[in-house]
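Below you'll find a set of structures to go through.
Shared chain: chain A. Partners: chain B in the first complex, chain C in the second.
Coming up: the complex of A and B.
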């Protein structure tokens, strides 16, 4: 197709200009905020010099939120792996109306706004023991929200390989179910599991809609702290905090893009 | 707001044969046992609370009609209508922008192409709060746009803390994933159709209007519905920009926290959930692409 439209007339340059403009809209504020987080005084501009002072300030004030977010993200990953991978296997082995219905139901926490899910959790479990003030309350919300992504990523890979034949082969050699599951099924799905895991970690670290209602003053996550700092502190600190957030999610974003390029297994 | 992914339609995945060989006798039981933990967590922490929320929405003096009378409140109705208008506008603009850019990127290859695609899809996983901050960077009190308009002598243009800022934020959030959808669909187009149209003498704009856009229609409807649902339900961006912006998620939040009007908050969020869920159901049925959104 490109040979036809590659004449590079004015149409090409016009469209290139437009696309670059869109790209600028997306990237310029990112770069501005990263620079602002490293600038001594944003009002004065870059000539006031670069500094790590604001990043240190963020660490001093908000390290708790960063660590809590990491803890919740990895706990959430563990839960979605334990719940989602077996569920995906069950759905892949018995495709049909029921599997589709289950899949549809599991997607619901993503389809309806996090605000609604959080309200529902609060009115139902807000009064149960110490759950409301525990970080586990946030974890529950994150697991609901990220589980569908794990299930879908794994299911997509399971659908693209011939699981039945692989398992039959292993079974004919005398492998029991657990052995087949751990030595045949899981290794063959690792690209989906990896893609799903990266997605779960990234989403959990950045989750705000549910978390804002579920958090308490003692269980503040990174995005909650971000909202806090945007509202009340100087722009350099908000920017430095955003920079820290970028540093946390960029590795997994890059990995996800690389995975997607390499054969587009899922996500 | 939350990130979401385009998956391939799972309903069209290569058929997995019905279980044949291994351990056939205990199989259904085993599969049920594997599904059970996820199902139990889901039922206990999602379905049950959701039913509870629906009942609370109807738990006031008016019973089930509360779902209708909530909307009789002019403030609520106003908020619903402005959210619908905002989401429709965001969807239209995002679709237009992303179709132009996405088609261009699929049909032309040039040095730096991969980098451009990577940059355009990078903000995919940004949470709403961060998107809000990006809008402040662009259009806030110390933002880029204000600085430019001031330098041009037109006074400082600041619109971050209003509906316009929210509009910019949602477009910002939606562009990456719509571009991805458009590109994926455009890569599957049959170049021969276009060549045929050209060889029959169709002008370039006719080729776009009569060949390319109709072929992209399912992808555009699906991406549009996703974008609409996300804009309806998003909370983080509005929260960062200004709590005064009159969109439904902010109204729900205010009813719940400041007014402690839990019944109204429940009714409105059930309503909002129905809208986003329906929009995504449209997306799925049209394109077979099940996509995740909202939040």
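Coming up: the complex of A and C.
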């Protein structure tokens, strides 16, 4: 008995130590980077004092990229909701080989490197009107990239409830298709739609690969601006920029965690 | 039960309703059936025999194969989807909406029908009271027991005053004790409402207790239609006889107006030759050596309280099930004699 609990104790401390180490590996650089964005002079260190000067500088130079990123993220969310939820519904209601095949196809943009997708987009649509220089071009790329995540998240919830029977119940009470969809299907998939939405927002705000190829000097998103600032400006500015990025993305990450913890609604 | 709860009694007619699923599987042979207005009809049969398919054709959730027709009264509803047939449906898995409270679930059909708010609230309340659900009105579905859920499902289906009520194994998901009490409640409800009801089950006890008539089904076709007594005492064939209650089989030989079973000879009318005879346990009686027809040995005795069920092995032929008095002291290995009443013997093709 004694030796058993001893062994367990060893394992426990070992695991805890390892976990803390991994956490430190992940968080220390981020904390350092964010601190760098708040120090007056990085090379002198913290004793040079804390300041919001760099954050203000970032806002002055890059507020356009931040707003564009937000605009694209919410437009992307609207598109993935309008396309992804009905698509997930259609897939959930149609069991069979073709539906499963479509599901796999939908994952393709995730499996293919973003650069390749972007190149394909440029080759195919680059010549269409003013599209190439419009922010809508980036939006198209983001929708392609994030749509599978929305479909998967909604599909997962739809698969966990007996959607067919719920709808048959509603139909037996006289509800036509649209009413069933809006009063029974959508409310019962809420958790999946929420999870998918947060995922889409986060992915869109942080997307770099695709966006870097698709952007023009007038359509720069936050991550692209970030790369620029790292390459060409003071390290404090790049770091302050990172801080702004975290401030935008962390709330939605926390919400996602909270949602996942609450789990699916019991049926 | 208040008068407002009395519903129209619409007859249902199925004309040559068959069902072949994609892939060519024949789930239902073309079926003709008339269900009288206000009648409770029970579809009974083993799993996979086509009961649910038939119910779904009546509901409008499946289309019958071309040529089949479904009529509610004089109206041909074959082409109408379920939402336009005004049927009430109760599912084995309840199919209650988890995103709504009990009261909202019950109100759903009334909202669809655009009943004014005040009227709606009153009817929901009346229906919840009728189903003893008043105190649960504000609960979420996942806060209810299985029996309560099925009562909500019944309330939700009935509050819209449907033309017919369709129930697909509504008690199967419940435990035995709940099943009995809810069955009594459903029985009371169906009698009180006077609604035409179609009830699907694989449980013969439920079928006997609830059905005005029972449709026994086997492998996609109707084996027999009749009242519970007809089905029990005059089964149309061996399948029905075996499926309903317990049935004994006896081998006999008919010759010139007599029937020989074992050593006994009984008066009998029927063509000469070997016959297979069916007899219910309660129609076999224990007798003495002098007046018994068949001798056998008790292989098992199960005390059931009001009676003792004996399994008797005769000298030849399959074991027989016989009911003895509850206080009977007979046990394994005892030698017994059985008496057969020829009037109770059934010769089944």
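Here, the second predicted complex is superposed on the first by the 249 of 267 C-alpha atoms of A that agree within 3 Å, B and C clash if a C-alpha of one lies under 4 Å from a C-alpha of the other, contacts with A are read in each partner's own complex, and residues count from 1 in each chain.
Here, contacts are C-beta pairs under 8 Å (C-beta built on N, C-alpha and C of every residue); 3 or more make two chains touch, one makes a residue touch a chain.
Here the structure is a predicted model, which means the values were calculated and not measured.
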Chain A residues touched - chain C or chain B, whichever exceeds: B
Partner chain(s) touched by A:108 [first = chain B, second = chain C, both, neither]: first
Touched partner set for A:184, first chain B, second chain C, both or neither: second
Chain B versus chain C as contact partner of A:168, first or second or both or neither: both
Which superposed partner A:242 touches (first chain B, second chain C, both, neither): first
Touching partner for A:32 - first (chain B), second (chain C), both, neither: first
First (chain B), second (chain C), both or neither touched by A:209: first
Shared chain A surface residues [contacts with chain B and with chain C]: 162, 168, 170-172, 176, 266-267
Residues of chain A defined as touching chain B within the complex: 1-2, 4-6, 11-12, 15-16, 18-20, 22-23, 25-30, 32-33, 36, 42-43, 82-84, 86-87, 89-95, 100, 102-103, 105-117, 119-121, 123-125, 140, 143-145, 147-149, 151-153, 155-156, 158-160, 162-164, 167-168, 170-172, 176-177, 180, 199, 202-203, 206-210, 212-213, 223, 226-227, 230-231, 235, 238-239, 242, 245, 249, 253, 257, 266-267
Touch list for chain A against partner chain C, complex: 161-162, 165-166, 168-176, 179, 183-184, 187-188, 190, 265-267
In the complex with chain A, residue positions of chain B that touch it: 1-5, 7-8, 10-11, 13-23, 27-28, 30-32, 34-35, 37-39, 41-42, 45-50, 52-53, 56, 97, 100-101, 104-110, 116, 118-130, 132-138, 142, 144, 172, 175-176, 189, 191, 194-195, 198, 204, 229, 232-236, 239-240, 249, 252-253, 256, 262, 265-266, 269-270, 272-273, 276-277, 280, 290, 292-295
Partner chain A, residues of chain C touching it in the complex: 59, 61, 81-84, 86-89, 91, 93, 95-99, 108-109, 112-113, 141-142, 156-157, 160
